[in-house]
Every structure is written in C-alpha cells, then in structure tokens.
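Below, each structure is written out as structure tokens.
Heads up, the next two complexes both have subunit A, just with different partners, subunit B and then subunit C.
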Partner chain A sequence: MHWYSRFSRKLVQQHRHPALTVLRQKCAVSYLSTVATLPSAGKVECYISKETDPWINLAFEEWLFRKSNSARYILYLWRNQTCVVIGRNQNPWKECHLKLMQDDGVPLVRRRSGGGAVYHDIGNSNYTIFMPRDEFDRRTNAQLVCRGLHQLDIPASVNERHDLVIGDKKVSGSAYKLVNARAYHHGTMLIDADLTALGRYLRPPPKNLVGKGVESVRSNVTRLREHSFTVDHLSFCEAVAGEFYRTHGVPWREPVELTVDHMKANPKVRDYYDEIRTWEWIYGQTPDFAHRLERSFRWADADILMNVHRGMITEANVSLKSERHIAVASRLSECLQGTRYSEDGIREAFGMLKEDLILGTRDLEELEELQEWLEISL
Partner chain B sequence: MHLRVGIAGVRYALRRGAKVQGRAFANVAGLTLKTPRAPLVAVSATTNVVRGRNFHTRPPSQKNVPFLLADIGEGITECELIQWFVKEGDQVEQFAKICEVQSDKAAVEITSRYDGVIKKLHYAAGDVARVGAPLVDIETDEVPDGSTEPSPSMAAAPAEAVLPSAAAAREGDKKLPTGSEGGYLLATPAVRRIAREHNVDLVKIAGTGPNGRVLKGDILAFVSGTGTTAASVPSQPAAPATQKKPSPVIVTAEDRIVPLGPIQKAMFKSMTRSLQIPHFGFSDEIILNAASAYRSSINHYLKNAPSGQYPIKKISYMPIFMKALSMALRQYPILNACLINAEDASKAQLQYRGAHNIGIAMDTPQGLIVPNVKNVEQKSIIDIAVDLERLKEAGKRNAISPADLKDGTITLSNVGNIGGTVLHPVLVSSEVCIGAIGKVQRLPRYETVHDAETGKKREIIVPKEILNVSFNADHRVIDGATVARFVQLWKRYLEEPATLAAELR
Partner chain C sequence: MFRQTLSSTRVLARSFRPQLIQRTAFLSLRGYATRKYTPEHEWVSVDANGVGTVGITEYAAKALGDVVFVEIPEVGTPVLQKEQLSAVESVKAASDVYAPLSGEVIEVNQELESEPSLINSSPFEKGWIAKIKLTKKEELDGLLDEAAYAEHIKE
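Then we have the complex of A and B:
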C-alpha cells in the first residue's frame, strides 16, 4: 500500500481534480483485490515486482517472457537484495570474489541472458523490456530508458556498446536474450548502490584460470545519486514506465504489482525459481576451464592442474615434487577426479584420500595444509 | 535384398542409389533387352525403394539438410555454442529448441526449421559457431521430394513435377507470418501441408503436441482411422497439381487489374512521403496584362533578331515567372531551403540553398516528372527559355537525364495548360515550397478612372487577363505570413515588370 500511495500522490500533483483522485483510489481498491491473477492484457503492459529476492525476480522475468505471446510489449521493473549476478555463459570463479561473497553472505546468481557480471543491491534498479523478436534492437530500448532519465533531469546518454553512461562513466549495463518469436533486453541502473562493495566483489583474486565463456568488460561506474538528490527506485520506475507508455502511444496505466502471491498462484513461476537455485545451474553451467595452482610449502612444491567440465573436475594432475609424497599425489589426482569443483568437493576428495592411505601425523598435518590452501584458492 | 522391377523402376532405383547387377546394366544404358528377364536390382536397407510399392504413409525419400546458423543480427559473425538441447538421432519438430548460442551480451535460442531427425551436430558445447555455416544436419522428408509415396512405374514424372511445386510450397511455408506462431498455432506449416494433401480439416483434429498443437502423427492417425488412406493414393497424380500456387484470379470483363508503371510507383512512394508534410496553402490572382505585354515585346525582339544570335524565336510565360520567382526568393530565401533530419524536432535543421534550381512539372506520356533549370538566379530570361526548350524536347523523346531531375530547390507547376483555377499542389519532399499556375482567363474587373469631363473618379469595367496561382509551403518551418508576402512580391514583379528590370544585376 505504501508503494501505491506514492504513485497516487504523484498523480494528485499531476491531476488536481479531486474527482479523478477519488476515482484512482477506487480503482486501487478493486485492483488490489485481484492481486493473485494477472488482468487480461492489452498490447502494452507494465509490471513491477515488490519482492527483492533475486531468484523470485528472475523467475518472474522468465515467466513473463515465456507466457506472453509475441505481439506484446512488456516492461518489468525490479530490484534485488545484495547479490552478484553473472551472465549465462560466465565463469564465476573468474568473474567475482567468491570467497569474500561467501564470508559476507552475498549469494551468487546466474541469469539466463548473456553479458557480464554485475553487483546488485537495494540501491540498484533493474528493468526488462520484452518485445517481438523482429522488433529487437539493442539501441531502441536503451534510448527509451535514457529518455526516462532525462525526465528526471539526469544527463545520461547511450554509448557505442549500448550502455547508459553519464559522461564517460557507466550507470547501466545491458544483456539480451532472443528466442524464436520473442526477445528481451534487460539492464541495471545504479541509483544508490554501494560502489565500494561493487569493486570488492567484482574483483576476483588473481589466478591462473583459463577457460571459454564470456568475460566481463570492466568499466568505470558512477551512480545516479551523484547527479541528483531526489532520484530513487520509485521515481526511476515511474519515469521509465511513463516513457514506455508514451513511446508506445498508450495512456498511463498503473503497473501491475507482482508479489509472492503470484508465485503461489502460478506453479510455472515456482518451477523457474527452483531451476535457477540448483547448483547445476549456478555453478554447473560454467563453460569448461582449466585451473592451475602452484604453491611452495616447506615440505613440497605443489603444482595442481584441474580440468573442469560443468563444474565437476574431470581431470586433476597433482604434482608435489617430493619423493615422499608420490603416492599421495597420484592418489589425490584420482580422488579429485569426478568431484565438484568446490570446497565440498575438495573436502570429499581429501576424505577419500585419508580413508585409502595410511598416513602418519606429520603426513596428516601436511595434508591439512594442502587442503586448506586448495579450498581457499578455488 | 534382390527384387525384380521394370525398366522405369530400375531408373528410379538408380536415382535412389541402389546398385543394379551385371546383365541388367546394359538395359539401363539404353540397349534393347536381350532376354525378357527383368533386371535384378540390389536394394540395400537404406534405399527403401521398393517399399514404395506399399501404401506406406511414411515418405520413402529422406534428405540430409544442413541447417545453417542464421544471422542473429548486430553484425555478429560468430558466437559460442553454450548448450545443445538435442542429441544425434533425436526426433525434432519445427520450432523445437535445438541449442543456445551466445555472443557477447546476447543469448539466443535457436529453434529447428524442419521436422525431422538430427543426423549430425557440427559443434560441441563450448565451440565457436560461425554464422552462415551449418549448425546441424537434419534428415527431413519435407524438402525436395515432398510428396508421399510415388509408385515405381510413374516415379520419374511425379518426381520432376513435384520438385518445382514443392519448392513453391516451401516458399509458401517460409512466408508464413510470425503472427501465427504466437497466438493460434494449431499446426506447423509442414503439418498443415500434410493436412492439405490428405484433405483433412485441422480444426477437427485434437492436437497432442505442446500447447495443443496438431502433430503429423495426429493427422496420420486421424486419416488411417477413417480409412481414407487408400482413397487418397489414386489421387496422387493430382496431388502435385494441387500443391502449385493458385493461378491469378481471372476477373470479369468490366474490371481490369493493371500493375503500376515505374513512374506511378515512384509517384506512389514520393506522394506518400510528401503528404506527411503539413501544407499551408495560399492562392491569389495575378493580373497578367502587363506581363503579357512584356512577353510580346520580348517575342517581337526575338523574332527580329539576326538568326543565330538566339537559339529560340519565342518564349512562353514560364521563363518570366521563373525569373520573377528567383528575384522574390532573394528576399525570402527560406522558401528555397530544405529541411534535414526532419524526423525529430530537436534534431531538425534548415539548409538554406544558394542555387535557385526551379523545377518545372512536366506531363509526359509516361507520367509526371519534374526536371529543373539550374541556377536561375544567374540566368537571364532568354537563357531560362533556352533551357526550358531543351528540357521540353528531351521530355518528348523521354531523354531527360538524371542530372536534370536532381537537386531541385523549389517547383513551379504549370497545369494551367490543361485547365484549373485554384489548385493544391503537393510539396516535393526535399523542398519547402511549390507553386501551381492555373489557366489564364479573361475576366471583367473594376478600375477607377479619372473622368476628364466631370473631374470626378469613376469606376468602369475592363477586361483583364487573370491568372490564378496557388502556393503551398511546409508549415513546419514556414508561417503563413511569409508565404503571403513572398507571393505578393512575386505578383508585383509580374504585374509591374519595370520593378523586375529595376532589380537586375
């Protein structure tokens, strides 16, 4: 109700006629009572999510994408709690600092569109525009959002990579997904986001990791807050929705609010939600890569090469360069094969190793050191 | 498997890749049959030749079609293949997901264009796929030999006949508007064709595919259920005929459909464009008596000039009108301008042009064209007349060059040759002003004279040569007052030719 009262207050400012305000409030009451089912749509629709769980929001996005037929233009506005979102074909170990995220409780999310890694928090707003496939164009919708920003008095422009920039600093990144008859363009908008956290999480420690997949293109960023004292998520949503309706020549209509009730009422949303929370999707969709780790311990020089396919170690080559540890090295290579490329997987492999070999206390201590280092360096 | 078949069957089998044994080879080469025994044809399991004899509803001929990676736009030439949704040997339907590719920021799902079986995947997940190169090979029965079972005896003829019509049917299938995919996709185009062949109404069949789609199996089940398979086969020879595109409708004698000629097509395009411009119209009358006298004296001079000094012997009114227009444009250069970047008010600009290239609308046997006389501001009335004469001659011979048609800045249309008083000419889209000149009429007008006898002013009726002109201008950049003043100035030059001479340079 709070969100809606903001909207109606703005409308009061626009339309001072009291009867109109009363009419809109009446509409609000009747509209809120039908929250669980979506109203039958015209050609142009706008949705806004009240949830901040990144997986619920992505599930809503996939649901809106797949359920509507080609002729509709839909705008979907949302924002997430703190998380890092990587593209469909990216390597999280290469793109973000997973250890730090784990320590700080920042989840990793993989979206279905392409593009690079982004940091979301409650000061970052997202927009998604759905359109028929043959209308897809990278520039048009970026310009639409840009015009929305102009309404807020923010001097944004679209650069040659179709990102929104103010001056030479990026405020928004975009990604796209195209299927047979539909396509969508979604993007972020840094309004109030914590830029230091962004820098921390999106800067992984240097590692010798070589793989396929899309790499993020890093740019200098700035926030809308630096250019306006009054902009916030709601005013951004209103500006973009207004521009969206104006571009498609339809009068303003209240955006439909999406809540967890919609998830309950539509089982497909639940399916999409479950799918993107699985380890297989988040980590298992990483394209093949090879990771080489080297470290000198006082008891041996470790040189480990792991080939990873779909998040599982398919081949490991452990070399400890020490006579005493030949058995350990070869057995570890075998144990690592077939385990997940994650802390759990490493723990599992070492567990298997300790069962197989009979090791003295000194060996066990050295193995502990190796295991700790491996787990940290992933 | 060895079977005996007739000569046509042998030829058919060879086309399908079967091997023909020894003695029979001579027969196939065209020599006469020495013994009456029919040749042996070795048929391997894959050729499926003789199975055509049975009323088998599955087409015997399959073709491996490479499905190319289509252009995904944005000038992208290659993209990474992220995952396959099918494996080799899988059955796919048209519009089923095959794979997902990714290029920098865009993830694209590729769907199948054909019904069929995946024969070969050209890339592995993680490879870089090139746009335009084959992505998968699909074995499909839709493509060239699209008809159902040809019996061996008439295999050759229907095969040829089917090829062009199947190609035509394929064209029709490909042109299916994407609108149908979204809302009410009862069946894919391939399935629709099969339904047509079997004369089955799609609406009657309950679909078992996704979203209630009707699949090929549904149609075949429906058909075999009602036992129309046997009945449909004798109509086989007719089937290729029905696959052809319908011939154009023959209309009755009263109506006639005629395609647009090239000039009409050009007019269609340019008028559609021009009439999106808001026009402001201004009409006025010009008393031509003075101009008429002016013209007569010029013609008299030309007639008596030594021959060879001037290439023409007389002029019409048009050179005088054009020169007066050019003089008036010097005071109102905005009417000679051009609007650029007109789609956006914030980006639109006016380009003032120095040259006065006045276009003359000409009516040729092919239609309306508008060549222009270049740099009227630098030419004398006689020079303009010479140019006009050249353009008229060229127009009669259809020899107007593109250079004459380009770069016009303002247009005068003299449809008064044919008739008309008040006109509404349509702007040329690269200009902002156009004038149309109607016919000259001799009409009575009042004039005030000073009566010598009584010393008082008196009004009398005198005949005058009256010419109606109508000007239209682009109201986005030119206001009515400017047009009005411009036309008044032009009118003054014509009604008082002395002022025309006074501003000579």
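Then we have the complex of A and C:
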C-alpha cells in the first residue's frame, strides 16, 4: 500500500486509556493562542524520506536545515536500516561495542546534533522539526510528538530530560542542533525495534579510556508495540504530521517524498552525504582521549598509554618491563605515533617496526601476540 | 591600562552604590567601551594590538543551558568572518560558534576543556573561547554595539 493513501484517512480518536485523558491535558496546547501568532501556511512544510540509508537520511536532514534561512517550520520523517548513531561530541570507542558491530556489519554513524548514542533499525522511526532559533525550546516539540502518540492511543508523556516515556521507560530520545538563526529538534521512536540488539551494541566492554566529550545517559527502554498492536512507521508518521499541521493551524497536505533522486539532483545533499561518511568525521571528530592498556604476557608485562587527537595517536608510551625488549618498546612508541587509532593504524605501526628492527623468530612471535592483543583492545 | 580603568570604575561604583547595582553598572559600562556582538550571539572585545577575544554571550549561554563540552579551535588556524570557529554542546544541543571577525587564532582557552561550564558561569570573562589576531579590522564596524545587541535580543 502506498503510504500516503493511509495519510488521507481521518484519524479516529479513541479514549480507551483513562490515563490518556490526564496525559492529553498535560501536553495540550491552546490552539486559539497558537492560531493567533501562526506563521502562514506557506511557512509550514512536511517531508518524508523513502530511503533507509542512514547517511542519505542525515544528508537530507542537513539539506533541509541549511536550505532555508527563513522563518519556516519543517517536519521531516525518516527511518534507517540497522545502525548505531552517536552524538556530535562522543567517543565511539567508549559508547558502543564496535567489535560486535563490525562482526554483525552494523555501521557506526556520527550525527551533527548533541546527545548520546542511539540504536536504529527499521522498527525505529525518526522525526526532525526545523524552526527559527528564537522559537527553539526543548519541550514544545516533544509535546507535539507526544500528542501525536496520544492520537494513536499510546499513553506517552514528556520527562525531565525532554524524552518521551511510557510510564518510566523511554521510547524516544531527542537531540538538538542550533546554527545561526535556525534550529532543529530531532528524535527517535522505538516502534518495534530489536531491543536485544540495542542492548548488545550500546553496552561496550569496559576499557581504561579517559577523555572529554559527551557521555550517553543510560535509560530503560520500551517500544510502542508493547502498547499498541497496530502502530507502525506509517501510522506514526501520519499522527505526527497531523499534529504538526494542527499545531501550526494549517490544513492537511501530502508530505513531500524524498528519494535518492533528490540527492542526485542536489549536489549539496551529495556533499553532506560524502562528508559524514568519511573516517575523519565518524572517528576523527572524537574529542581527545587517552587509552591505557595493561597485560601480562609470559615474556613481559606490557603497559601502553596512547593519547589520541582527532582519531590519530599523537603520543604513545610503550613499556614492556623487560631488558630484552627495551629497543622494541621504544621503537614501537615511535611507530605508533602519527598512525590512526584503529586496527589498520596498529597494523601499520607493527609493519614499520618489523622493517626497522632486525628481529629473531622469538621476537616476531612475541610481537605477533602483542599486536593481536592491541588490535582487539581498541 | 584597561585593568586600571576597570578597577577605578569599580572603586567608584563601590563607593556610591549598593552591592548588586554596582556590579551590573560596572559590567555594562565596560561593555559599552569594548565589546561588540554578532546577531548570532558571539561577542568580541578588541585590544590595542588588534587581538580580538571571542566568546558567546550570556543570553546565548542561558538559552543553551549547562554547557558540557566545548570544541576548542587549534592555535594557528586561520578563520574568516562568519566561518565556524568552535562548537559547544549543552544538554543534548550542539551549537556552532562562528568567528565574528577574520584573522588567525593565536590563543585558546584550554580551561574550557576541563571546565566547559565556565561558559555559563562567566560568559564574558573566564568563558572566553579564543583570541584572534585580526586581519580585517574594518569588519568590526559591521558588528552590533551593546545597545544594538540588547535591542536584538529583546525582539
């Protein structure tokens, strides 16, 4: 079924949950007062992406954000294939289980807004509301989406972190971006996402990793599916769009569909896409951190400290606490410097080391062991 | 010299006014003398050597809420007016900071790395972000003065 044929159907309000009445009152807006200061209908737009590539969808978002510098209100609805999305100033090595993600082929994505790490899959829907910066406030749009959920008979409310919860469990995380005179508020919505996968990827193994940057706030989560048998991506989009139009006092209009053709036709979208797919953006934008690794091998005790700036090892201090390994340790420290903090970087450094020093079979075996441990410890 | 002017203002003010009013009067006096603003809520204060100290305004800091991270620019970076200089994050909101004037970053406030909340507690003083050696001083004329900025945020 084509999605917008469902949009045209009129939403039937049902009041099965008594709790909903109270929640509705909490999120209610006075439509009369809103209407008085309403932007004209021309200033309200709605888009929906038909793509599920996370980078394409974020590129559309950036394009919608940058393209108009006016007083427009825009709603953008989208969903992604399985991926983990971290906040603008987060450390992926600290926030998610990169090894597991790599094994499962789950990509890591860095978004431009603040906040913590979130899990996406096709059972999770996302909304973005663009507005003039002066109108930005964290609660207003959370309440708008909340009213959308009430339309679907889901007893959601907005918590003190401006996330949407059902009871005390989170169903939607939000984040914001402010640039010049524009702002956006975006958020996830767990409809029937795989919560086991969510827990797996967002629970990283413990590491001795110290750095600045923004840490995720862990929350118990639930899904809309637990509260509604029928809710899906389309009915969610329909409810939020309906509420968006209603809040801005404009009649229903079909949202504009965004497809990969839009990207082909707009070189800017392509630029935004290319930029966020680079290693320099995804990993290189990590705030400075230090990683200390210790392990006892049969042949020596290893103690390694690496300082990382923009994803590159800027300083490494390798100590192997054994006379026989002094040369190896000091040369390895030098080789690690200036390489990427990644498996490839480590491999490169060990490659250099092996070329530089004349090593016996025993040394090589030990180095092999050290390299393997370092690679899996990042 | 600047410091001296400051302290003499403060002494004067202290002798005439009760504590609270004195502080406000002192701040705005100094603002009139040195600080310029962008409509996007950055401030710059230019010294006699053509070095502009840049930060974000109290109004912006309040609107953002508790700042938890500041992306500090690198010394030696050339910047153009209205180009991104830095970025701050506060309670899930990422906000770009633009260079109010063109020049080269010659000093950065490393304190913000360990204490980003200085942006909230002292936006015009300890919360400065970078010092820029200006290359186009004429750009200064295009910025807002205290009164114009106050008018701008009232809108």
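By our rule, the second predicted complex is superposed on the first by the 339 of 378 C-alpha atoms of A that agree within 3 Å, B and C clash if a C-alpha of one lies under 4 Å from a C-alpha of the other, contacts with A are read in each partner's own complex, and residues count from 1 in each chain.
Everything that follows uses one rule, which is that a contact is a pair of C-beta atoms (placed from the backbone, for glycine too) under 8 Å apart; a residue touches a chain by one contact, two chains touch by 3 or more.
What you see is a predicted model; the values in this text were computed from it and never measured.
Trainee: Looking at the overlay on subunit A, is there a clash between subunit B and subunit C, or do the two fit?
Mentor: Superposition check on subunit A flags a clash between subunit B and subunit C.
Trainee: Which partner chains sit in contact with A:Val179 here, subunit B, subunit C, both or neither? Use first/second/both/neither.
Mentor: After superposing on A, A:Val179 lies in contact with both subunit B and subunit C.
Trainee: Taking the superposition on A as described, I'd like to know which of subunit B and subunit C A:Trp299 touches: first, second, both or neither.
Mentor: In the superposition, A:Trp299 contacts neither subunit B nor subunit C.
Trainee: Touching A:Arg88 in the superposition: subunit B (first), subunit C (second), both, neither?
Mentor: both
Trainee: Classify the contacts of A:Ala71 with the two partner chains as first (subunit B alone), second (subunit C alone), both, or neither.
Mentor: After superposing on A, A:Ala71 lies in contact with subunit B but is clear of subunit C.
Trainee: For A:Pro132, decide between first (touching subunit B), second (touching subunit C), both and neither.
Mentor: first
Trainee: What is the contact status of A:Gly213 with respect to subunit B (first) and subunit C (second): first, second, both, or neither?
Mentor: After superposition on chain A, A:Gly213 lies in contact with both partners, subunit B and subunit C.
Trainee: Just subunit B (first), just subunit C (second), both, or neither: which does A:Trp373 touch?
Mentor: In the superposed model, A:Trp373 contacts neither subunit B nor subunit C.
Trainee: Same subunit A residues contacting subunit B and subunit C, which ones?
Mentor: Subunit A residues touching both partners: 87-89, 112-116, 134, 136, 138, 174-181, 212-214, 287-288.
Trainee: Touching subunit C in the complex: which residues of subunit A?
Mentor: 87-89, 112-116, 134, 136, 138, 161-162, 174-181, 212-214, 287-288
Trainee: Mind listing the subunit A positions that touch subunit B in their complex?
Mentor: Where subunit A meets subunit B, its residues are 69-71, 87-89, 112-116, 132-134, 136, 138, 174-181, 212-214, 285, 287-288.
Trainee: Note which residues of subunit C are touching subunit A in the complex, please.
Mentor: Residues in contact with subunit A: 39-40, 63-64, 68-69, 71, 87, 89-96, 98, 113-114, 155.
Trainee: Going by the contact rule at the top, pick out the subunit B residues touching subunit A in the complex.
Mentor: 72-74, 80, 82-83, 95, 97, 100, 102-109, 111, 125-126, 178-179, 181-183
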